[in-house]
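Naming follows writing order (A, B, C, D and E), and every chain is counted from residue 1.
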Amino acid sequence: MAKVPGLVKGLGVTLGTLFKTTVNGANTVQYPHEKETPPIRSRGVIALHQDNCTSCMLCSRSCPDWCIYIEAHKELAPPRREGGKPRQVNLLDRFDIDYALCMYCGICVEVCPFDALFWSPEYEYSEPNISDLLHDKTKLSEWMETVPEAPELEAGADKKKK
Amino acid sequence: MNLFASESEVLAPLASGWFLEHAWLIPVVPAIAFALIILIGKRLPMKGSELGVLSMLSSLVLAAGAGYQWIQRTNSASEEQFVEPVIKSWSWWQSGGFNFGIGQHIDGLSVLVLIVVAFISTLVQIYSLEYLRGDRRYTHFFAALTLFSGGMLAMVLADNMMLFLLGWEIMGLCSFMLIGHWWEDDANSRAALKAFFTVRTGDAGLLVGIAMLYFSANDWTQEHLGVSGFSIRGISAWALSGEPNSTVITIAAVALFIACIGKSGQFPLHTWLPDAMAGPTPVSSLLHSSTMVVAGVYLVARLYPVFFVGLDILGSGGNLIMIIGAITIVISAALAFVQNDIKRVLAYSTVSQLGYMMLGLGAGAWMPAVFHIFTHAFFKACLFLGAGSISHSASHHSFDMKRDMGGLRKVMPITFVTWIISTLALCGVFPFSGFFSKDEIIDNVGHNGYTNFMIIGLVGAFMTAAYMTRATYLTFFGEPRGASAGENLHDSHADHDAHAAHDAHADHDSHEAHGPHESGLLITVPLMILSVLALGSGFLNATPFGESWERMKLWVEPRHSEFAPELHHAPFTWSKASLSLLIVFMGIAISWLISTRLFTKRDPRLVGLTQRVKILGLGHKFLVNKYYLDVLYEKVIVRSIAYPIANAAYWFNQNILDGILHGFANSTRKLSGWVYQNIDQRIVDGTVNNSATLTKSIGTATQPTQSGKVSQYGALLFSAAAIAALVLVIINT
Amino acid sequence: MFVNQFLFLAAVLFCIGVYGVVARKNAVLMLMSIELILNSVNINLLTFALRSGSTDGHVFALYIIAVAAAEVGVGLGLVLLVYRNKKTISLDDLSEMRG
Amino acid sequence: MIAVLAEVPYWGQSLLRVLGGLVAVLLPAGTIVYVFLFKMMSFMQSRLGPMEAGPYGSMQLFAEVGKWLQKEDIVPERADTRIFKMAPIIVLVSTFLLVVVVPFGPEAWFTDFETGVFYALAVSSVSVLGILIAGWSSANKYSLLGGLRAAGQLIAYELPMVLAVMGVVIQAGTMNLQKIVVAQNTGLMFGIDAIGHPYVISQFFGFIIFMIAIQAELTQAPFDMPIAESELVSGYMTEYSGFRFLIFFIGEFATAGVFAMIASVLFLGGWGVPFTWFGWTSIDDVANWMNFVGPLIMFTKMMLLVFIIMWIRFSYPRLREDQLQRFAWKGLIPVALINIMFTAILKVVF
Amino acid sequence: MIAQNIGFWIIAIVMIVAALRVVTTNNVVHAALWLVVVLAGAAAQYILLAAEFVAVTQVLVYIGAVMVLFLFGTMLTRARIGAESDLNNSYKKLGIPVGLVMLVAMGLALVSSFGDEKLPQTTTVVSSQEISDQIFGPYLLPFWALSFVLLAAVVGAIVLARKD
């Protein structure tokens, strides 16, 4: 019997919320009609900055789901200095992320030594067909536009180049 | 009731009142209290005892109110008018044409006993608050005590025999529980069992009697009074109507009286009562002296018409009740002389006093006998509680007068004074209450023409005075001995009965430090109240002072009518009274002289007398062994039934069955030897082999029937049933 | 309606129950067969109650239902106990009483 | 039945009865699901609930039903197919049998059953069977455990329910639900006839016990141990999909509605208002329009009670299995017995 | 009366078929469910016999409690899904003649005793009040005895089923 006051109090909480919701409206948002802006650094989708990618395969190898597919070939690029030997560079043929497999752990973003992968807060990229969730390098590069400008860092920190 | 419709119209209506109309509440209150104590008693601050005391107090108030209104009712009646009892009856349950009612039957007798029971119960419960403090089963004790009171009150109020039986059995149960309260001690549980079984033996008589009365009286009562044959009022009227067959009513009365013998500890079923002293002292005081054991007496008084007609009371010569009563008076008084345990002395005294009541009832002295219930309850309760007080505060839970008491009058003045008053009342010394009741019984027995029984009564009075003097002397006079002298011999505890072992003991260890002392107020106040009543209650029916003092007779005795037989009262004469007083004083004086010489002065002529004079020794031994009645019951009756049968069976087994088998085997062996020797070997072999094969094949053939499989047994059963049914059907068609 | 049509129905149920008691060795199934028998008895009782116009049969039918409930309670308790000790409820395996 | 309908031939009456039964079961069920499960629960959790299908999501239930109906009816491979398919129907049938005895007006009811309450209690216990075999036939140990738990719980709480009803039966002196309604609306409360004599006042403990018991009978939280998702996935319903799941789902709320109807009949005066308001003295005086107003009154009272049931469901966490059983056997049943005892005593005394 | 007769025969046939399935089926749970059908049919027959109260009691006690207990018992003793092989005795054929002989005996007895006697036509069912008057009147003592039987059964079942 000692528990009765607590039980009544519990009922009061739910009933109170019921009235509060009726009067003040809900705490939730009616999604398709109104949207909340996600905070920057939200893990929505991964964007690729192609120019920075050296196809070193670090991201692909560290991915727990093996959802990053990279193919590249070597080409000779003009030498940096006049009269020098032509450089050998890796050119991406394919850079795909399968978002049907990806678990958004973000290890690839962390592990990339050349700042080629970025988190974008964009989340509305669901598809009716599962195969469409395989984003190729063009699509991944398009996401680059949605990557917000990172907030100002502390003094002396390394700045990540876009 | 309809019989007297015309008369009662003429007479003034009798006064009644709320308390009389609602007297059924009196047992209901303790019953509810019992349930509450059992359920929540242990959680209450006083462990449930407050509920018991409160319920008893309210019962007492209700009973007192009922008593007051009953007196008004009798006063409102004219001189010779029969005062109608207040009867209420409800149908409790019915089965197959039997209608068991539940209800109340209030008249002078029940009011009197109600007040006594409620009053003594209240005092005893208050007393127990102190006496059982700290006991392990304190709550259960009070529960049982309260239930007991409820049962007794219900029995007293019962308007029919079934309810009476219910109350009677509840009391028996509570008595069992309370005697065995400290059941860890083997002796106590044995005593409880003994009490239970002995009383149950008598109860068979009660059942038989009730059944007989019902079946013979039901038609008459239904026709004339419109009540069932269980109704006490109906049975009474029936018994006096001249209707009943004399054999039937005699057998019924004897059967009922057997129950009374069991419950009221009359000879020869009195043996349980002294053993019942194993219970806590308040229990002894309440159940086994003043209230429960008078249930038997109450039954006789309640159904007096049945006994009156059935046993031919006031007829020529003695009757069963008188004979049993007289025997009980003398033999138990004699037993009281050889007891060392103070409670046992009092127990035998109770048995003896119950004998007086029975004697009075048997001799037609209804009023004195009932009055003796009243007075006896007070002084006997007081004596028992006094004994409890002694053991509680002075003798270190011992009841042994010779070893642990003596000289206590100085240390326990209150107990001593109350004890002396009650003892004098018990002995029947003028003007203590016992005089007015006991003397009346003896007087009336003589007046009704039973001179021999009157002499037995006087002898009993003498013996009562003597053994009580002995007990008083041993307890309160002389030099302190044993525990009373402050010796706390722990090794002696083992010899004491269970009281030394009970849980309250630990709390009272502090007494060891300061030896014997007076008990606390919770104990002494009940003692004082009871002793005042022991002194004064006799004046409620003080015949010596003339008609106007006989209030009890006016209030309680049913006046002669269709429901009550006509009784006469002996005129009081001082000559007879002084004779009995003289006998009592002689008893006290002789006993005092002998006690002084024997116990204090150690007179060599008396000490060891029983060892020296053979005939006295034999008598002493006879008494110490309680007339060998226990031996008779346990060793002779039980064994004679059990042992010979067992022995006979064993003998039959050993000699006849085995003999047949052995003889058979021997003859077979001889025969086969003869056959072997005399018949051709091959034939013999063939026979033997064939018989073995046959046996084996029979065994093999029948073995499947003993498969141990239930469904197979079922199949056999059903097929047998089916075939039998088929045969039956074919035969019948 | 004939008296006999109900009584025949009861008889058939009874015999089926008897067959079940004989044929089944699973304890639970045997209890079920006993329930069949009890129900056939109830049908008989109620038929005779209607025939004689008294309600005694109804009372007895109710008592039988109550007793059957008690029987099943204890019976299944026994079955559970047997199962716990023997890991089987086949009555044929419980033949310690075999002669 | 209503006088007008007496003209209708027997088959027509039967058809009307069936239709009426469907309405009486499904309409409250749908209303309950929408009002309480969709909306009230959301509001109590500070959200709006379904808003898309129809205005304020009012068509949501139809959308859900449509969704369930077109889903595949999966039967587990090793399940006992026939029994598996039968189980939800038994549960729903028990609900339909239950509504048969509920009176909705002076003449608006399906059958006049003399032992109405008793019958209602009897058929409500049939649903246990469905749940038990649903659990068993799924060939899934979680389902079996859920079924066993549900059966144990339903049996345990059926006792206090029967005992709580007993008090009402004693007080009304009849087991006929219509007569219980009349007894409540014609009785006096302390000599005042303003509010009739709804047994919720004199049988308050009975009412509380009955409400707790039906909460448990419906396996609503806090008594939803049988379908405890954290340990049993979804109890006996785990393997069900498509319209069989729908039957379980609707059955739960339909039964809630019917139980609430019975509770309002037993304790709140059912379809009636105190007869003295309109000067009626007995059932015969009641005006004919009560046959149409009565169901509405009944519906209001039912919704009130379902609101309480759902409110408790959305407020309390789940009891553990042993707590749940202990509460029934050691708490409710003794209290119910005491309630019966006191009612009987008071009935005899007054 | 015709409607009642038709009802009787339909229910009777269903009951007999179900009863046969109870004793022949190879799955304990199926047997229990067939038994439910028999019991429900019996309840319907009780209603035909004007015993409404008994019928409702039958549903409440048998279907609501006893059968649930049975199912409980079978499930706690690991009732398997699908047919089981060893539910019958090796001598189950013995049951058939036994049952048939009994049926013949009873049938002969019934025919010779009641012939074509008809049940009285009744329109009123036996009210529960009449039954309660009987129970709490002449049959009170058996009722008490029964309550003790039930108490003993409760205690006994608990004692039997307890693990310790």
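Structural remarks
The rule is short, and it goes like this: contacts are C-beta pairs under 8 Å (C-beta built on N, C-alpha and C of every residue); 3 or more make two chains touch, one makes a residue touch a chain.
A quick note: this is a predicted structure, and the numbers were derived from the prediction, not measured.
Chains that touch both chain D and chain E: there are none. Summed over C-beta pairs in contact, the chain pair with the top total is C-E. Of all chains, the one whose CA centroid is most distant from that of chain A is B.
Taking the mean of the C-alpha atoms as each chain's centre, chain A and chain D sit 51 Å apart.
If you average the CA atoms of chain A and of chain B, the two centres end up 97 Å from each other.
If you average the CA atoms of chain A and of chain E, the two centres end up 69 Å from each other.
Not a single residue position of chain D touches two or more of the other chains.
For chain E, the set of residues touching two or more other chains reads 53, 57, 65, 72, 76, 89, 94-95, 98, 102, 106, 139. A complete list of chain pairs in contact reads A-D, B-C, B-E, C-E, D-E. Against chain D, in their complex, chain A makes its touches with residues 7, 10-11, 13-15, 17-18, 20-22, 26-28, 30.
Of all residues in chain E, only 89, 91, 94-95, 97-98, 101-102, 104-106, 108-109, 112, 136-141 touch chain B in the complex they form. Of all residues in chain E, those touching chain D in their complex are 27, 29-30, 33, 36, 52-53, 56-57, 59-60, 63-65, 67-68, 71-72, 75-76, 79, 81-82, 125, 127-128. Here chain E touches chain C in the complex through residues 1, 4-5, 8, 12, 15-16, 19-20, 22-23, 28, 31-32, 35, 38-39, 42, 45-46, 48-51, 53-54, 57-58, 61-62, 65-66, 69-70, 72-74, 76-77, 86-89, 92, 94-96, 98-100, 102-103, 106-107, 110-111, 114-120, 122, 126, 130-131, 134-135, 139, 142-143, 146, 149-150, 152-154, 156-161, 163, going by the rule given at the top.
Put simply, chain C touches chain B in their complex at residues 18, 21-25, 30, 91-92, 94-99.
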